[in-house]
Amino acid sequence: MTTHRFTPSKYFNTLGTAEPVLRVANGDTIVTDTIDASGLDAREVAVASRPNPMTGPFFIEGAEPGDTLAVHIERLTPSRATGWTYSPLALTVLDPAAVADRPAPQRAVWDIDQKAGTVRLQQPVAGLEDFAPAIQPMIGCFGVAPAGGQAFSTATSAQNGGNMDYRLFAPGTTAWFPVAVPGALFYLGDGHACQGDGEIVGTGIETSFEMEVTFTVLKRAITWPRGETAEDIFTIGNARPLDQALQHATTEMSKWLGEDYGLDARAASHLMGQVVRYDVGNVFNPAFTVACRIAKKWLTKR
Amino acid sequence: MTTHRFTPSKYFNTLGTAEPVLRVANGDTIVTDTIDASGLDAREVAVASRPNPMTGPFFIEGAEPGDTLAVHIERLTPSRATGWTYSPLALTVLDPAAVADRPAPQRAVWDIDQKAGTVRLQQPVAGLEDFAPAIQPMIGCFGVAPAGGQAFSTATSAQNGGNMDYRLFAPGTTAWFPVAVPGALFYLGDGHACQGDGEIVGTGIETSFEMEVTFTVLKRAITWPRGETAEDIFTIGNARPLDQALQHATTEMSKWLGEDYGLDARAASHLMGQVVRYDVGNVFNPAFTVACRIAKKWLTKR
Amino acid sequence: MTTHRFTPSKYFNTLGTAEPVLRVANGDTIVTDTIDASGLDAREVAVASRPNPMTGPFFIEGAEPGDTLAVHIERLTPSRATGWTYSPLALTVLDPAAVADRPAPQRAVWDIDQKAGTVRLQQPVAGLEDFAPAIQPMIGCFGVAPAGGQAFSTATSAQNGGNMDYRLFAPGTTAWFPVAVPGALFYLGDGHACQGDGEIVGTGIETSFEMEVTFTVLKRAITWPRGETAEDIFTIGNARPLDQALQHATTEMSKWLGEDYGLDARAASHLMGQVVRYDVGNVFNPAFTVACRIAKKWLTKR
Amino acid sequence: MTTHRFTPSKYFNTLGTAEPVLRVANGDTIVTDTIDASGLDAREVAVASRPNPMTGPFFIEGAEPGDTLAVHIERLTPSRATGWTYSPLALTVLDPAAVADRPAPQRAVWDIDQKAGTVRLQQPVAGLEDFAPAIQPMIGCFGVAPAGGQAFSTATSAQNGGNMDYRLFAPGTTAWFPVAVPGALFYLGDGHACQGDGEIVGTGIETSFEMEVTFTVLKRAITWPRGETAEDIFTIGNARPLDQALQHATTEMSKWLGEDYGLDARAASHLMGQVVRYDVGNVFNPAFTVACRIAKKWLTKR
C-alpha cells in the first residue's frame, strides 16, 4: 500500500495502449497533477493540447483483461485559483430553432476561492452578481485503455470510461472500469471545480488539480463503468442518443443487482421501478452519458 | 375562490376538445376522484378503459388561447389500500441484446399503508422482503386540450402535458400548462402512490385517488409545461428521443430565466452550466419526458 | 363501382373523427380537388389555413375497425401552373454547427409546365438556370382517422398515415391504411408536383391538385401503412428518431412477407438482407418517415 | 503509375496509425487480397480474427493531413466460391416488442456462382428456392487512419471511413477520405458479394476478395467521406442515431455543391430539395451510415 507522488511530463489525448509512465501495485495510491481541458497547468502555462490532456497511463499490477479496476477518488484539490467555462448553451441542448438566436461563444474566467469554498465569475454578469456556488470538484475524463488496440479521443467516452463529465465522480466515490489490457492502463484529468448536469455549456469550471486516487483490482467482469458513493451505487452508459446510454446503464444496473444483491431480473425491476434515479453526465460530447443510480439504503449485500 | 366537489361519471382516453364536465372560476379549487391507469376505481371496480382514463375536462373561466393555466396540486390522497405495477423492466430501457432474457410480464399488487406511510409488495419477492419505500403520491397524466382540434391519447404527452409520469408532479407543486382553447379544458388522472425515475416498469404504483387542485389563469404564454416546487423551478420537454425532450426543456428554461429572473441568454447559460439538474419523467411512453430543474435559491424574481 | 366528383367546401387540419363529407361504396372512385399546404386553391385563393388542409373525410362503406383500406392513386393532376417551396435546408437535416450560417428562410415560386412535363424556378438562381426536373406528382399527406378518438395534426404522421411526404405515393401506387373507425374516414391533400427524399426544405413543390383515387376494403389487419407500385411493395414507419421509423417499417415488412409470400421470419431475413431498400419519406415533420421496400420480382404470392 | 501486387501476411482490426505494409506513389494502383469479416481467406482458412480484419495500411506518398485521398475501386473479384450471412434480422432494425419472437441466430452459406453471376443459399429455405440475386460486389469496410492518434475498431465507422457497408462502394466508384496522418494509411477489407440496404442481418454475403484500387491525392479538405459513381455523387455520414448521420451527409453535400458546382447554400437547397436521394449504408454497426446522393445530370462542374 504505497503512495506514489507522480509528476507528469507528457500528456495524452487518447485513451489507448501506450507505454506506462508508472507501474503501481494493487492497493497503491497515486498523488498526481492534472492540467485543465485546454492544457493549462497550475501556473496557467500551456503544456499540452486539447482535448482533455490526460495524466498517465498508470499500469496497475495484477490487472488483467476481464478484471475490474476500482479507483477510489481520495481527494481532488484545485491547484490554481481560477478556472474557465464557455457560454452560451451548447448546440446539443437547444432546440434547433433557437440556435440562430444564440449569442457568440465566449470564454469566462471564474475565481476558485478555496477559503470560501465557492466559485464566482471574475467579470460581473447582470443578474449573477451574487452567484457563488460551492466548489464541487469532480473528474471530467478518466478511464482505462479500451480493448482490441483501439484508442479513443479524450473528447468522447465508451465502455472504458473517458469523458463522462458526471458530477458524482467526486471525492469519496469509487469508480469501476472494465480492464481490457494487462495493467489496465489508467488515465485521468479534465478536473472541474464545479459543473451542473449535462456539461451544457461544453465545460465545467475547467482547472488544474492535484488528484489522489487508490487502485484495487477486482477479479470480476463488468461491461460498463460502475460507481459507489457514500449513499448510492450507480452504473454508467455512454452512447448517443441518450436513450441508448440509458439502456446501457439500466441493463448494467439490473445485472449488478443480481450479482451482488440477490435480486433476479424481476425483483430488480420491482426495486428499480420504485426507487431508481437517472442522472445526466454530459449531453455535449460525441457520446452522451447517463447514470442509473440506486440508494444503498434499499440494498443488502449477499 | 370556491371549492368544488366533483364526482366523475365518465372518463376520457384523450386530451382534446370535449364538452366540459364542470365550469369553474379562476382561483377555484376542485376536489375530485381519479381512477387508476386501467380504469379501476376506489372499490376496484372497472369503470373505464385503458389507457389512463381521465377525470375532466374542467373549463376554467377566463383562460384563453395564449394564456397559461397554473394548477396547484393541493393534495393527492390514495382512495384505496392497494395499487399495482408491472414487471420486469420495459423494452425501452433495456439493451436490445438483453430483451431475449427478460422474464414474462406480470402484474403485481402493492399494499398502500397510509398509517405507515409506505408501499409494500403483497406477495413476497426474494430479496425484497423488507422493501417498503415511502408513499410519494404523484400525478402521472394531466394537462389541457391541445391546439388546432387535435386530441392526444392519454398514453402519450406533448406541449399540452399528458402522460409525463414525473415524480415532482406531487403535492405542493404548481404545474403550468399552455392554454390552447377557451377554458383550457383541464384533465387529470393516472395517480401513482410511488414511482422511480423513468416509469421503467411501465407503471408507477397505479391506484385511485382523491385529488385536490387549484387553478390560476396567468396572462402570459409558455411553450412547454413548467412547474414550481418549494425548492425548485422546472420545465418539461416531451419527445423522442430523450435528446429532443431535453432540448425542449432546456430551451424553455433559458427563456423562463430571461422572462422572470433577469438573466439574458448568456447569463442563463452561466447559471445553468453550474447548477442545472435534469430529471427523467418517463422513458416508457410514446413521447419521453425530461425535466430541466433549477433550485430557487440561485434565483431572484425581477 | 361509381365514380364520384366531389368539390370540397371546407378543409381539415387534423385526421380525426369528423362528420363525413361523402359516403362511398367499397370499390368506388373519387375525383376531388385538393388545395396546397398553405391553403391556396387552384386560383391561388386562400380558402383554408395551415398546416396541410385536407379534403375529406370520406366514409367508405363496409370498412370496419381492424380492416385495411386500400387506396389506389389513379391520377394526380396539378390544377394550377405554379407551386412553391421554401429554402434553405431545414434545421432537422443540418449539423447543428452549420445552422448559424444558414441563409434566411424564403419562399420561391416554381412554374409547373405540364406541356414540357417539368418544374422550374420562376426567379433565376445562379447555377440553376437549366434546372428543370420532371413533374413527379405525389400525395404529401393522406390517411384515415386514428383509433380511440384521437385527432392528429396534418403536420405529422402515425400508424394511420398522415404527413409522410413519400415520393412513391404517386399515380399507380396503391396505399394501405389500417382502419380504426367505421367507414375509415379517409382524408387527402398536400399534393407536391415534385420532391426529393426527405422533404428537406420543408416542402415539396406545393400546389393544388385534382386527385382521383379508388377505394377497396380488405378484410385483413395491418399495423403500419403499406403500399404497392408496379415494381415494389413497401411498408412505412412514422416516428422519431429515424431509427424507430425504420424499425416499424422493417418489422411490418417482415410480417407482410410471412402473411402473403410464404416466408417465415428466417426466410424473410435472408431475402431482405440481400435486396431490401430503404427510402426516407420526410425528415422534417414531427414524426419522420421511413419506407422499407422490396422489388416484387423477388416475391411469389402464396 | 505503378500497379503493385501485394499479398498480406497480417491483418488489422482497427483503423489507426500503424507501420505501413507498403508505400506507393500518388497515382499508383494496388491489387491485393482481402479476407472475410470473420478472418477466413480464399481457402477458407482462418488467418485472422474478427471484426473485419483489414489488409493494409498502405502509405500513399504525398498525402498530408488536410488532404483528401481518392480511392478508385477498379475491381472487386470474389476469391472463393462461397460466402456467408447471418439470420434473422438484427436487433437494431426490429421493433423491441418483436425481439422476443425472433428465431435463433444462425450462419448460412451462399454459393457465389461467378459464371451465372448470382449468389444462392446452399441449403434450401422454403419460399426462397429460386432466390438468386446478382453478385454485386462491394467493400464493407475501408478508410484511412483517424486524427489525433485515435484507433477505431473495424466494427464501426467515423469521419475516416470504416465499416460503412454501403452498396455503392462498388467497382467504378471513387471514394474520398479525409487524410489525417502523413501517407493517409489506407486499409481495406470486409468485401461483400451482395448486400441489401442497411446490412440488416448483420452481414452482407461475406467472402474473400481480390481487390484492385487506385489512389489519387487531392490537395483539398473534406470533413466526411465522399464518393462518385458513373451516375451520382454522394456524401457519407456515420453516427447514431440515423438522424445525425443524415445531418452529417447532408451538410457535407451542401458544402460540396458550393465548392465544385457553383451553388450557394440557397441554390444547393433548391436543387437538393427536388432531387436528393438518401441511402442507408448500415443500421447494424455501432455507428450507422447514411449517404446523401445527387445525380450528376443535375450538376455542372465550375
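First chain written, first letter: the chains are A, B, C and D, and each begins at residue 1.
The rule is short, and it goes like this: contacts are C-beta pairs under 8 Å (C-beta built on N, C-alpha and C of every residue); 3 or more make two chains touch, one makes a residue touch a chain.
Every value quoted in this text rests on a predicted model; they were computed, and no experiment measured them.
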Winner on C-beta contact pairs when B-D is weighed against A-D: A-D
Farthest chain (mean CA position) relative to chain C: A
Distance from chain D to chain B - Cα centre to Cα centre, in angstrom: 47
Computed distance of Cα centres, chain B from chain A, in Å: 32
Chain A-chain D separation of Cα centroids, rounded to whole Å: 35
Chain B, residues touching no fewer than two other chains: 92, 96, 102, 240-241
For the chain D and chain B complex, residues of the former touching the latter: 91-92, 94, 96-97, 99-100, 102, 241
Partner chain C, residues of chain B touching it in the complex: 13-14, 16, 148-153, 239-241, 244
Chain A contact footprint on chain B (complex, rising order): 85, 87-89, 92-96, 98, 101-103, 106, 108, 119, 121, 125-128, 131, 133, 194-201, 203-205, 240-243, 246-248, 250-251, 254, 261-280, 283, 288, 298, 300, 302
